[in-house]
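Beneath this line is the structure, given in structure tokens, with notes to follow.
Labels A, B, C and D are assigned to the chains in the order they are written; within every chain, residues are numbered from 1.
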Amino acid sequence: MSLDRVARERLVRALAGAVIEHADELTSLDQAIGDGDHGLNMKRGFEAVLAALPGLADKPLPEMLKAIGMTLVMKVGGASGPLVGTFFMELGKALPEQPSRADLVAATERAIEAVKARGRSEAGQKTLLDVLVPVHAILAGGGDAKAIAIEAVQAADRTTPMLAIRGRASFLGERSIGHMDPGSRSASLLISAAVETLEFEVNT
Amino acid sequence: MSLDRVARERLVRALAGAVIEHADELTSLDQAIGDGDHGLNMKRGFEAVLAALPGLADKPLPEMLKAIGMTLVMKVGGASGPLVGTFFMELGKALPEQPSRADLVAATERAIEAVKARGRSEAGQKTLLDVLVPVHAILAGGGDAKAIAIEAVQAADRTTPMLAIRGRASFLGERSIGHMDPGSRSASLLISAAVETLEFEVNT
Amino acid sequence: MKKLINSTDTVLEESLDGLAAAHADILLLGVERKFVRRRTLKPGKVALISGGGSGHEPLHAGFVGIGMLDAACPGQVFTSPTPDQMIEAAEAVDTGAGVLFIVKNYEGDVMNFTMAAEMAGREIVSVVTNDDVAVEKSTYTTGRRGVAGTLIVEKMVGAAAEKGMPLAALKALGDHVNRRTRSMGVALLPCTVPAAGRPNFTLTDNEMEMGVGIHGEPGRRRVPLASADDIAAEMLNAILGDLAPGKGSEVMLLVNGFGATPLIELYLMANSAKRILDGAGIAATRFLTGSYVTSLDMAGVSITVSVLDSQAKELWDAPVHTAALRWGI
Amino acid sequence: MKKLINSTDTVLEESLDGLAAAHADILLLGVERKFVRRRTLKPGKVALISGGGSGHEPLHAGFVGIGMLDAACPGQVFTSPTPDQMIEAAEAVDTGAGVLFIVKNYEGDVMNFTMAAEMAGREIVSVVTNDDVAVEKSTYTTGRRGVAGTLIVEKMVGAAAEKGMPLAALKALGDHVNRRTRSMGVALLPCTVPAAGRPNFTLTDNEMEMGVGIHGEPGRRRVPLASADDIAAEMLNAILGDLAPGKGSEVMLLVNGFGATPLIELYLMANSAKRILDGAGIAATRFLTGSYVTSLDMAGVSITVSVLDSQAKELWDAPVHTAALRWGI
């Protein structure tokens, strides 16, 4: 896979757009079992990312991803800032400029491990890992863009009946059951936006 | 007019009962253009008066009225405490034990003057003086119990369109117009209760 | 009505007991809780006594202590205390140098304090505060209400009394500070008197009451909700128009919450007010930001400006140790 | 949403500017308002830095000053600050004796402070506060939240730092005070994040949320409105059950309003709590009553109990001069 400057900018805009468009929904989800800022946080971060365009897209893919990660870390705050920021930074560190699918699988795995370490968390705790981990499994198993996008949406849905063990929702105990995890929803939005853009790039 | 111990107790109970029964209404009136405590204040005062029964009724009429006045001054607080308290105290000071109608006219006049001095106020300012003064005129003009009671009710009603110049309602300026003055309503209730009881005494 | 209480009848008593327990080092309760007094009196010092209806906490009991009041008489909620309270407080804290009453200008308060002074049988002089510019002044009416500016009078007169100023001079000082102090308030949400159980007025989501006092009464006008800057501008316009401080004047700025207003908003209002004062060439060199003269659970704010001279600054800066204001000790 | 603001985007900036203007004698703002720092540093003293989401005023910026914090990093409302803020604050206030972070236990706060410590390139140690007993403890979860007890840790560690205690000992002291401090909170009315514009939850007139934190999140249970005594009893039961102070223990009692709770109710709660402690043979000898660790305009209260020893008393009583706590100076 090779992404030229235009494609990189398109990717960044798609990621940011997905989050910003759904900011209110993310905030509502966080109001139910958190502190009602997830949409605001992600929006602030991706607005800062957008503000770094077009310069950001001048960088090679790994550098661009690292810069996005650092921007998110320094602008988002809260739990999602370090986690989503770390994911992008580690992805950037692990990917070559023109990654193969195998590169993508390995780099995503490494980024997920970094998120686990940063959050001292695992899949099954009602966090964004409950989207990242199963989506990675589809990717690693050779699933196509469509399969990945579907899994992202379904994995986020599957957090609804879960009991939160990590994140603010864990303070609610049993009351966390029955609500979708906001971080899983934003992860799913980012993944869908990414695969759509990348599929478009690969197919054209 | 002569009031024996039983009649004096009946009078005190009637006065207190009138105020206590209408406490909520008085508070509502005070909420509209004051601070919403007039019913609570008057109720607290007259409950203390009731608590001083039956001993209170052992006293001769002038002493009893002075004691009621002092109790109100020391229990009611707010604007109504000193004013209604002063009214009773001065009435007690001015009345003989077995007052004639002329005595009642003169004593009421003196008590009204004392209220004016204490409140630095006059009739026409949307205060209890707008009940006391016209009712006194009926009494002085020879009106019977019924005429007095009717005037008390009508005088309180006539405060509704007035602009408040004294009392908390004056802070509202024009917005004080269109609401009955709470102190006028309580004065009217006390007067009605008094004349009813006294008429009953005189006729039996 | 949502309040942290046990019964509407005992709110005042229980709250006073909590205050006395929490500040037992400086405060004592009088018999039947008729007053809150300074634990250790200073012989030869004029005794300062204030009081008024409750519901304005920390005013006045929270200002009893070294360098401020000697006693405060708490009335029922929004109801002036009764004369026996002031008489007994005076009895308890007068060390022979005379007594000064500091009274907010409400007819109930003025009448009850006056009756107390008449009946107390000792030398008592009163300062009546009337800093609220929301009430238009007229010789025919009750005049202006005493609101948050009262705390500035209590602090400055308290500091002067602590230094040994005699009664007549304290009276003159109190009147002087009061004349140089003006306030105005706005309510975003009404308050509920516990015993009444319902608010005195209701406001829609887009309304506020401009020119309110501190008794849950409606203000002079109901207006659409405005920005902090616009609210500060309207208030300061009225205050400065009345005070007419010269360009280059030094002032104290008191931004006072009414009880349910969070500090983040009060500091924001302080910022709005300071910008306007700066623009008018007036230097705010003393600040107090917090909920000091409240109206139960009312949401809203008042702004007070007090013109400073070197004496006023010295008196404001002087040490104070009370439940609500403390520095230098 | 009824707030004294100009725009939801600028609430934090304007409020910080107001704070800095009102306390210019002791505070300075960092570049881009990334931190609030003590104006005059004390060379050789360990630098104490705290911070967290905004909306809890006066925590933490109101506790910057002599005898308490050297800097506070304000995040967006209810959002942990970002690592650059802590890095720049450390840069500004570290005089060479090392830096101690005091962090409330939320994953966001812990992760951002940890990243800052990793990236700052200087000696940084952290104390994490987790005093909220409403959250049941489990090794598998995030653990307990840091709430109002944090201010006690900041005060005591601040006093020790001011006296010259070295970094490792301060860390041990902070952990020790935290272990002896427990809190629990209840909400009567929810709060509204300015940028969200609507409350996180709604309550009917007869409901309250028991076991809430300070971020407008729902508590552990929604229960019928209860009396002050019953609320205090439930909270103290949980707190004392966990702390297990011996009979005859001395404690500090902090009754903390959440932002829209009037002082008259807080003192009433202090009275209820003290009666219960008295009954359990526990002596409350230090009190703090007021709104210190808030949740925007939430109505409600938390109770904190901290077990005292002679060192803790000395550190609590030591002079402090900050915007929100001041004595002895």
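The criterion applied here is as follows: contacts are C-beta pairs under 8 Å (C-beta built on N, C-alpha and C of every residue); 3 or more make two chains touch, one makes a residue touch a chain.
Listed by chain with UniProt protein names: A, B = Dihydroxyacetone kinase subunit L; C, D = Dihydroxyacetone kinase subunit DhaK.
Computed from a prediction, not measured in an experiment: that's the story for all the values here.
Student: If every step must land on a chain the current one touches, say how few steps get you from chain A to chain D.
Tutor: 1
Student: Work out the mean Cα position per chain and let me know which chain is farthest from chain D.
Tutor: B
Student: Could you state the distance in Å from the CA-based centre of chain B to that of chain D?
Tutor: 54
Student: State, to the nearest whole Å, the distance from the C-alpha centre of chain A to the C-alpha centre of chain B.
Tutor: So the centroids are 75 Å from each other.
Student: Mind checking the centre-to-centre distance between chain B and chain C? Centres are C-alpha means, answer in whole Å.
Tutor: Using C-alpha averages as centres, the distance is 32 Å.
Student: Following the definition at the start, I'd like every touching pair of chains, please.
Tutor: Touching chain pairs, listed by label, are A-D, B-C, C-D.
Student: Which of the residues in chain C come into contact with chain D in the complex?
Tutor: 1-7, 11-12, 14-19, 21-23, 54-55, 57-58, 62, 188-189, 205, 208, 225, 227-229, 231, 253, 255, 259-272, 274, 284, 287-289, 291, 294, 296-297, 299, 301, 321, 326-329
Student: Which bits of chain C are touching chain B when the two form their complex?
Tutor: The contact residues of chain C facing chain B are 53, 75-84, 106-108, 111-112, 114-115, 134-136, 140-142, 145, 193, 195-196, 198, 200-201, 213, 215-218, 220.
Student: Could you pull out which chain A residues touch chain D in their complex?
Tutor: Those in contact with chain D are residues 27, 31-37, 40-41, 44, 73-83, 118-119, 165-168, 170-173, 175.
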